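Structures follow.
One chain, chain A, links the two complexes that follow: it is found with chain B in the first and with chain C in the second.
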Partner chain A sequence: MNLPSPGDHVKSRRLRSAVVLGVLLLVLLALPFVLPSFYLFVATRILALGLFATAFNIVFGFGGMPSLGHAAFFGLGAYVVGIASTRSDLPFVVIVVLTLVAGTALGVVFGLFNLRAKGIYLLLLTLALAQAAYGLAFQQVELTGGDNGISGITREGVPIPGSASAFYWLALAMVVVSLSLMWAFMRSPVGMAITGLRESESRLAATGYRVGSYRVYAFAVSGAFSAVAGLLDAYLLGSASPSNMAFLLSAEVMVFAILGGAAFFFGPFLGAAVILSLELYVSTLTSRWTFVLGIVYVLTALFMSDGILGRIAYLRRRARRKTAESPTRAAAGETDVAVPADTDDLVEERHT
Partner chain B sequence: MVWLSNVLNGLAFGSLLFLVASGLTITFGLMRTINLAHGAFYLVGGYLAFDLYVRTGSYWLSLVVAVVVTAVIGMLVERLLLHRLLNQELPQIILTVGVSLMIGDLLLTQYGGSPISPPTPAGLEGSMQLFGSVIFPKFRAFLIVLALVLAALIMAFLRFSSIGAKVRSAVDDQEIARTIGIRVPLIFLLVFGAGTALAAFAGVWGGALTSLSPDTGLDVLLLALVVVVVGGLGSVPGALIAAFAVGLLDQFGKVLFPEWSLFTIYAPVALFLAFRPNGLLGKVESR
Partner chain C sequence: MSKRRATRPLVALTAATLALAGCGSQAPSSGGVSADSGSGSAQEGANGSLTVGLLNPLTGPFAALGEDVNAGFELYLDSKGGQLSDYGINVVKEDPANDPGVATTKARQLVQQEGAGIVIGLVNSGVAYAVAPYLESAGVPLMITVAGADGLTRTKGGNLFRVSYTGSQDTMPAGDYVCKELGLKTAAIVGLDYSFGWEASGGFARTYEDAGCKVVQELYAPLATQDWAPYVTQINRDADVVFAVTPGSDAVRFLKAYRGFGLDTPIFAQGSTTDEQLLPTMGETADGVMSSLHYSPVIDNPANKTFVDAWTEKYDRSTNQYAEDGWAAAQALEAALSDVKGEPTGDGITNAMRNVSIDAPRGALRFDEYGQAIYDVYMRKVTKQDGKWVNKVVDTVPAVNQFYTYDVDEYLQFPPYDKLKGTWAK
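After this line comes the complex of A and B, so read on.
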């Protein structure tokens, strides 16, 4: 977004962000040395679903298009891995490329169908598309294994196969690269235009942008990275099944995004991490995780629709307003326009 | 004459879809409250009727109690939870998915995962002969009639009764409706109750047609959502036509291209919505 004129303030903020990211990355790199294997499995799962949620948010939080069909991309990635790795001995890199191509292609289809749909209609159109894909996964038994899915996906073709830590590092590397690419993409002119879709589509159109094509771009990029997330998940679990494409996953990724904070780049990732960690914790207490998840959904809808990061940003803003007593400052803080100058460089604030 | 029995079976399934969609048409279509727990209420109705029938053996008692109890649960959900999220689509989606996860989990622990079949009224067992050669179950024929009657009743109610007029005005312009003394929150509560009652009613009848298990609620819900949108939000006749169309698509898809069966429903629906997002008989929205 519009950064304020570069001054020492901003530079130090950027430096701080870089340091925080660096430390975080080091901690993530060191995890396999400290975590028992089961926790490492969950950590890898968080990486995959966090990537999925971040990719979903390109369309949802940034593009302002509430898709209720994103499981289709995730499942597609899983099935590409399932089919390619059990029926051929293509090298890992080729499977990744295939996944990217397939995700992009499906994203283009989604984008073209949704050239004009808005709000509820976009929700239902994406839902119908995802159900069509789910139908194929469920019924094309010869290709997909139907209800049972494809099991026995091995990591033989994967670089350094075998150990769980090696796969964790691979997943971490792929997720970091994917997130960096998406981050750069969202700051490119195309990414800015996608954010413009959310802010005001009619103004964007009036300025001469071809609005429809940006919808397609958003879905294509989002679809490609969602499919990569599905690929990681399939390798991790060793299977691909229709539940990877089901409606409940589409709803869950939306909850990840909203709970973490859909207005922020890292919000959805945080949401995924929070819910998966909670699942890990609750499963040690009771077998009724589904029920607890339902409660989490309800609470998120009622109290956390700005997300965790949104709540933090709000509290910080309020604290700052209290310290700065001058009325002009308070008035400026009221209209969120003055805020991005103060928010962390890491978190992209939506100002509507 | 195989095609005729396929047509009839398609219409029977379409009738079930209309029963489910009728409740959604008034909650989602009219009130614009997205209720993805509708499938869960469908299950609650079916399971309660099944349970009561096993205990009491009286069909009508089970039907009525199941429908009333589900409507009360629905109204509680509206009053305590959904009502706080008026006109906020995304939180509504999350909230109602959450509610349906909770209900689904409760049903699973209470009744287990294996399919059950709610009771059918006496006199609808067996089949009848149509046009000499086609044999068709009486229950399914009755279901088609039931859908048509229900559609007519709901349309007449919304069109001619004073409560129907109030509902329409509350939906069209909430603020004006409030200023002329219509108690909009109460109307919405009652409408939502009626919607969940219809879901439970559909659960009893539809469960008897296809049998119920905790995950069938979602399948039915998604099809019913599609029916409501294809028909045009808030349009009862539109939903009826769309339900029959989807029922026929489903039946012929299953018979002709079994490998493509769900695809043959959703892909045409997606195409249709891409070109005509307002559905068959939906009002064009002013933006």
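After this line comes the complex of A and C, so read on.
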């Protein structure tokens, strides 16, 4: 058989990924010209929550730490905007920096609390921390407006404040930059070590890594970008409220990640887009929309626990294998275990 | 795993989603949860038509309230054959899902996609605060039917109107009444620990103390407190009256604990604590509880008779303030539309709304210059009537506005109630 050399394969794969990403970016850039204003609003919201889901996945999908408290970071970002923009006239850039600093700091706190906790204990600890943050937001009325939240957040400080399209492009730019940074981070030695946390923490520790510090790094980076997502959402909605910090949001972002495919970099983003669209569509059709979404979640958990991208990668592998099928392989008994290296860059499963 | 087995779940998932989405679908192209009345074809009246966006919760903790508001609105609309002042009314319902993010999205959907000319609804004040600025900027009037935060109606000449109460509006007359008419000189306040609890308690405490009586204790419990025993046992037994602001399911548990511990201090409550949605559940425990509210199903006037008859015929249960809020909102809209000439624009409806004066089931209703309703407030007592527990009207305070008897400018200088919380008993 005339097989291409491995080098060619990698090159063509990279090229294809670059082309796909480039086309996708062009489409996203052109959206304001074709979408009615309402759908542009929804698209901007998907960008913000997609960024949130991607940031969350650093801890969840890559670090293997099931955090149920990520709404705290998102809400923190929203409140930084709410407080800074209604009580001061700080420039936008300063607010972004403040958000990043606040998100990182809270991430460090989360990380330090979770130096050793694993699995269900980590889940409970992060939930408790987030509930504490929620309680603060609810009770510190002077600062946060209590259960009424902070409303009337204007985009005055934002570059080109008036137009919805301009804000969409700003959000798109911030999301693209954030995703690129996270992508690069996950491929850095620190990012690799974070993935190592998921694969085998004990082996990582045995090779001399200080596993605790990588947990803190993961939470810090994830927290910083989650806060940026909260910032975008607050500017978009014009309000910040305790529901930005609520348990429901923490659970929802986990569903985004799982439905899209938590083992993939772009899985959570896709999950956020799918669920937000579905939510909008179904709730317009019927008041029993929570029921429909519930069914989707259950079916996902039962039949698609590796998410949409996981399913696509799996089907692709099957197709590829079928074309290259030889009697010896069949005899050797093929397995259906996820084979990471064999997938496209876009749906890359493990950062090898 | 064979290929067939691998694809089956995907197919099942897709099919199930589509099937379920299809279940609720009635008119996908027109969008919106279709109204019971007049769904399908667009209503066209002699003067034109108007799309009304009902933005009330259909899921979550406030679903029962939201559904009653919607039902009240649609009942009035039905009784007028789907037209208000010869404008055909197309109702589109969306669910704010008790979340400011979803609610803001839904408000935009109503206005930008469904072409709503007015948005009516909102239960959660946090959601109302988030949604109001958008509707203001879009020039679409907003009529609030439940959300009670005082601060929502503090801007003159806006496009926001509210037929329901502000947190303190219905309790301010109560402070006066309990001190002067009932002669109960010391009060212990039991409230829920969030804005509405502070505002309702604060309104009572302000007038109660200004009338010369004394608040001796303030207790605040978190929303959805399961065990009321620790709070009930703390209540100062020397107080002449317990003033309670415990709406919703908290009311049921509070009263149960209160009776269970054998407290016999009379209770005066903010009216939502003895709401008709709760009375059948509370039963004996609510016996004799007094409260103040702008509505009771047993008010004796022709408008209320029409409303109660229409409601009980359709739903076979008591009316309540939420259903009346919806009904009154429809009446107010009808009155406003009768003043609008031609195309019902946002500005046109807003301007007409300012001069609205109607005979609602609750009695006379009009709006102040801040958009807040002025109405009679009733002093009520839970009594058994024909085998059913009702809020019997024992006294009426006419034409109560959101500032009660205080001078507006003076009132607006007062610190907000969240800052005053905890200071009344000192």
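One rule holds for everything that comes next: the second predicted complex is superposed on the first by the 327 of 352 C-alpha atoms of A that agree within 3 Å, B and C clash if a C-alpha of one lies under 4 Å from a C-alpha of the other, contacts with A are read in each partner's own complex, and residues count from 1 in each chain.
Note that a residue touches a chain if its C-beta (ideal position, glycine included) is under 8 Å from a C-beta of that chain, and two chains touch if they have at least 3 such contacts.
What you see is a predicted model; the values in this text were computed from it and never measured.
> On chain A, do chain B and chain C fit together or clash when superposed?
clash
> Please work out whether A:80 is in contact with chain B alone, chain C alone, both, or neither, and reply first, second, both or neither.
neither
> For A:291, using the defined touch cut-off, is the partner it touches chain B, chain C, both, or neither? Pick first, second, both or neither.
both
> With both complexes superposed on chain A, which partner does A:239 reach: first (chain B), second (chain C), both or neither?
Only chain C is touched by A:239; chain B is not.
> Quick one: is A:46 in contact with chain B, with chain C, with both, or with neither? Answer first, second, both or neither.
The answer is neither, since A:46 touches no partner chain.
> According to the stated criteria, A:300 is in contact with first (chain B), second (chain C), both, or neither; which is it?
After superposition on chain A, A:300 lies in contact with both partners, chain B and chain C.
> For A:280, decide between first (touching chain B), second (touching chain C), both and neither.
Once the two structures are laid over each other on A, A:280 reaches chain C alone.
> Check the residue A:131 against both partner chains and state whether it touches chain B (first), chain C (second), both, or neither.
The answer is first: A:131 touches chain B but not chain C.
> I'd like to know which partner A:120 touches here: chain B for first, chain C for second, both or neither.
A:120 contacts chain B only, not chain C.
> Figure out whether A:151 sits in contact with chain B (first) or chain C (second), or with both, or with neither.
The answer is second: A:151 touches chain C but not chain B.
> Please identify the positions on chain A that touch both chain B and chain C, taking each partner from its own complex.
On chain A, the overlap between the chain B and chain C contacts is residues 138, 141, 248, 288, 290-291, 295-296, 300, 302.
> Report the residues of chain A in contact with chain C in the complex, numbered from low to high.
The touching residues are 36-38, 41-42, 45, 138, 141-142, 145-149, 151-152, 233, 237-239, 241-244, 248, 278-292, 295-296, 299-300, 302-304, 311, 314-315, 318, 336.
> Any idea which chain A residues touch chain B in the complex?
Residues of chain A touching chain B: 66, 68, 112-117, 119-121, 123-125, 127-129, 131-132, 134-136, 138-141, 247-248, 251, 254-255, 258, 288, 290-291, 293-298, 300-302, 305.
> Please output the residues of chain C touching chain A within their complex, sorted ascending.
1, 3, 6-7, 9-10, 12-13, 16-17, 20-21, 23-26, 28, 31-33, 58-59, 93-95, 97-102, 104-106, 108-109, 112-113, 125-126, 129-130, 132-134, 149, 151, 194-195, 418-419
> Can you name the residues of chain B that touch chain A in the complex?
Within the complex, chain B contacts chain A at residues 32, 34, 36, 81, 84-85, 88-95, 97-106, 108-109, 218, 222, 225-226, 229, 233, 258-267, 269-271, 273-274, 277-278.
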